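Okay, so here's the structure we're looking at.
The first chain written gets the first letter, and so on, giving A, B, C and D; residue counts start at 1 in each chain.
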Amino acid sequence: MKAHRNSNWFFDNLSPEEGHIHGIKNILYSGESEFQSMEILETWSYGKCLILDGKMQSSEVDEFIYHEALVHPAMLTHPKPESVFIVGGGEGATLREVLRHKTVKRAVMVDIDKEVVDKCRELLPEYHQGAFDDPRAELLFMDARKYLEDADEKFDVIIIDISEPVEEGPAYLLYTQEFYNIVTERLTGSGIITQQTGTISPNSLLNYTAVNNTLSTVFQVVAPYYANIPSFGRPWGFTLASKNVDPLSLPTEEVDKRIGKRIKGKLAFYDGITHQGAFRIPKYLREANRKQKRVIRDTEPLFAYTA
Amino acid sequence: MKAHRNSNWFFDNLSPEEGHIHGIKNILYSGESEFQSMEILETWSYGKCLILDGKMQSSEVDEFIYHEALVHPAMLTHPKPESVFIVGGGEGATLREVLRHKTVKRAVMVDIDKEVVDKCRELLPEYHQGAFDDPRAELLFMDARKYLEDADEKFDVIIIDISEPVEEGPAYLLYTQEFYNIVTERLTGSGIITQQTGTISPNSLLNYTAVNNTLSTVFQVVAPYYANIPSFGRPWGFTLASKNVDPLSLPTEEVDKRIGKRIKGKLAFYDGITHQGAFRIPKYLREANRKQKRVIRDTEPLFAYTA
Amino acid sequence: MKAHRNSNWFFDNLSPEEGHIHGIKNILYSGESEFQSMEILETWSYGKCLILDGKMQSSEVDEFIYHEALVHPAMLTHPKPESVFIVGGGEGATLREVLRHKTVKRAVMVDIDKEVVDKCRELLPEYHQGAFDDPRAELLFMDARKYLEDADEKFDVIIIDISEPVEEGPAYLLYTQEFYNIVTERLTGSGIITQQTGTISPNSLLNYTAVNNTLSTVFQVVAPYYANIPSFGRPWGFTLASKNVDPLSLPTEEVDKRIGKRIKGKLAFYDGITHQGAFRIPKYLREANRKQKRVIRDTEPLFAYTA
Amino acid sequence: MKAHRNSNWFFDNLSPEEGHIHGIKNILYSGESEFQSMEILETWSYGKCLILDGKMQSSEVDEFIYHEALVHPAMLTHPKPESVFIVGGGEGATLREVLRHKTVKRAVMVDIDKEVVDKCRELLPEYHQGAFDDPRAELLFMDARKYLEDADEKFDVIIIDISEPVEEGPAYLLYTQEFYNIVTERLTGSGIITQQTGTISPNSLLNYTAVNNTLSTVFQVVAPYYANIPSFGRPWGFTLASKNVDPLSLPTEEVDKRIGKRIKGKLAFYDGITHQGAFRIPKYLREANRKQKRVIRDTEPLFAYTA
């Protein structure tokens, strides 16, 4: 019996000149949907991973960090989130975290890609953990922007859980000022939105800072925070935005109290201390955000991953 | 004139089944010292990088994060650091950050590998910025553990800036309880030590938690913190330890006041807010540290990067 | 629907500083046998491939070249091969080619690794094409050297179809003078042996020339030839050896006549012209063979793939 | 002193799903000319290599095979080659081999890319060995097709030494029927042309067979042959064509006699036996050539390396 030496590698191109590589144990699925290429790989270091258009979306080992970081800051900052809208969210893990909040009465998830959701539902039960079957959940397959444009309903929290804006991808019109204007129309008074905002690596801050600046043209409160999801290959930014609720006003103990009262089960990543740490981003990020003047518009979109 | 398409890649093996890859613009130096292999590469995304034994040590783009995070928490937490000892520190950038503190009267740097220091001094002036020529600096080439064992002198701050413990490498006996016992003998009353403690990726926490646990058998105050150095490929831990000084007791404003009074020039990564964020590590790390019982000893060393 | 862009790669390390990489479509099997690691990969460019200890053994696209080149020169040079012994031959494709010869009454295949043969039989029917079920075939799982040492039987043709000699691998004692002495004892009067002899790349001719030289200490006729199996990543050598039969004495037409008379079905790679070409190896190989004096012995084995 | 473990790799993409990788010792040059990107790398296994548009063109270790195979079959088949025209030939090694023939009175080399030739001249003296300074040589920088179109002069041998036809590259109009018609106009009565015709791997024979078929619409004698240049990553085809001279009519001894009489110094790859072997290509190639009906035209060009 010999020691395993891996020779099969998944290459995640972080940029044309940087990558993160993963030893592949198995290829559970590989195909093309109407909108994107899709793979579910089993890797040696990160377990089962979802790959869209060649980019790592989430891994079994650290999706708890991504999904807790995406969902709970907004949900816990909101005084009483009852209705939640998820833009994207293919794996169902964002929905899972949302539904752990006992206050939630209704969670609408709109993903453009039925094939991706169907495959995740079938092959990644560790991710969704049955969330799609919760009676509070409503799942629709269409353009989320169109849905929000046509909707009358308002939501307490809107979570934007989409891949990065790439030129040929389905997501780039969900990062523009016009889209945020639509979103803000669909928020209740103390409504909050949250989303990932790309890498915070000092050598590629354009996307991160431009999204934050664009958000600041629409929302009064723009609170960038961050988390480390190692499978992403680089440190990662998130931003919470709202008209009038500031996550930094919550003391540590209040965060822990709300977690205790509102959330079913135990969190692994988030608590009061994590909350305080996450929103205190390093100086270079605050300065880069301050300097950025670019506003992303439908007619002036921004694409990540270009050289 | 055609767009550049890189086809030369440096492979940084984070583990036998994970890697970070970098497009190479130029190979500035490649050789073998008495203790390790050494390369200075110019990469497209991170500028000039120092590689030891095939592992990324620091990059032009984000070494400010690593070196500010390594040096300033300990130096700012100390009431008045006058004498500093650096274990390792090859590039000279740790020395550079130490010498920015006006309180410092003497900084001793002991690195085992003269060839590495000489090459860095010659080829990486952006890193050391002349620090080696500062009259307060003393540079010695020998085993730092031996130096500390034989020394009478005590230091206010001891900064351990070494590569990770690998089986064939020079560093693994600088991570043991015996070494920390030597170190504590060489600290002044309110003396502080600080070091990097490896990745904080949830899939490889053994090294990180075992170092923290080993430190806690020697020091009263053990304060883990973290920073994101993207060129390392994974999020990274640091730990400050002392007999009686706790970094978390410093308010934001006090950190900023000390920076203003004590440090020459402007910091890019560290300030009061960064300080508060860095020491508030995510819940899963605090729990992993709590559960770890392993103590690293000379006779029971721990090696990173094994499958 | 988007064009496929592969991001999963199998790395075949030809040497520590050279490799051949293949886009992976699927991992059909991955495991460890008692003797070696084994994978069956489906690649985009070469179809289904057998990988042992991380090295490409054969691919669906070009195994016809390898197996025809390994089997037919010896079988066609022999006046009437009735009994054939195969050392190794895991995939069953060597057996398949042997059994296409109508003269063959008995073919004994001895492979040390039952798991490899079983998996090939199950997952690579395109390779063996039912050869194992032929009543003329006898399949044994044991050390082929031991089998030959203990046997009384003599064979007309002995085909050595094994992986390269690596330090930890099962094959290196099948490349020594002692082994060839055993083999020659088991040959009938005009008996012939044949085997692959490694790459003929000008930068790594040691293995190739040393095997040829070792053969020449045992056999009167040593006839090196070559073939291009692209999935091997480098051009490849073979050698036929016998006491008294020389393949170069066969005219083109005689080869074609024997193919027509003796072989069932059509060959894709081999015919009279291919025969003449294959045995006329380039000048630099003939000179390198002439200069090599090393004899491989049990006590002085030779390992491929060392730096 | 530790053993070298390479971690810098050049990736030569043979196709979108296959590659050959080389450990890099040094990057001697990297830049963009007017026509293509260019690199001169020092690799561990193949020495100094010329890379154009990311593709290996030739290596120090095996360029003797490529250049001898490209030049001598045509030159030796011709009864008395006095004037030679080289299309491309950047490194100067084709010119070097041509000028070894004592019959040659004039050799015109026309390469479109002065920067490539200048850099090779400066950094690859092992390749050209001073050939550019031979008084019989004339070197011009322009479109070779245009030169031949406008010329009155006729040549005994025309050697086409260019990179493969890629969509954005400078070479694809040098593989068309129209180009061969221009070439044939510039040949003397028993004139011969020769060129590389791409890989002969069974999974990508389109380029190879289409070039051969296109040649056969223009020339009476079309004689494909092959050689193994390991740095190319795959086995390689060449084709000699002429109105009335057939290389297969030359007996082994006549080839050796001509080499002895006409060529200065010793050849390493080519001699009478190599000649006989090279032109006896395997059956599957002859059949593939026979079946191919495609003719490459200016308006219907063919590009290698497309998925």
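Details
FYI, a contact is a pair of C-beta atoms (placed from the backbone, for glycine too) under 8 Å apart; a residue touches a chain by one contact, two chains touch by 3 or more.
In this text, all values refer to a predicted model and were calculated from it rather than measured experimentally.
Inter-chain spacing, taken between the CA centroids of chain B and chain D, is 53 Å. Each chain gets a centre from the mean of its Cα atoms; for chain A and chain B, those two points are 32 Å apart. With touch defined as above, residues shared between interfaces to two or more other chains in chain D number as follows: 4-5, 9, 11. The touch graph of these protein chains is a ring, one cycle where each chain has exactly two neighbours.
The set of touching chain pairs reads A-B, A-C, B-D, C-D, using the touch definition from the header. Residues 3-6, 9, 11, 15-23, 43-46, 61-62, 64-65, 199-204, 226-228, 230, 233-235, 267-271, 273-274, 276-284, 286-287, 307 of chain B touch chain A in their complex.
Across the interface of their complex, chain C is touched by residues 1-2, 4-5, 7-13, 24-27, 30, 32, 34, 36-37, 39, 41, 51, 53-54, 168 of chain A.
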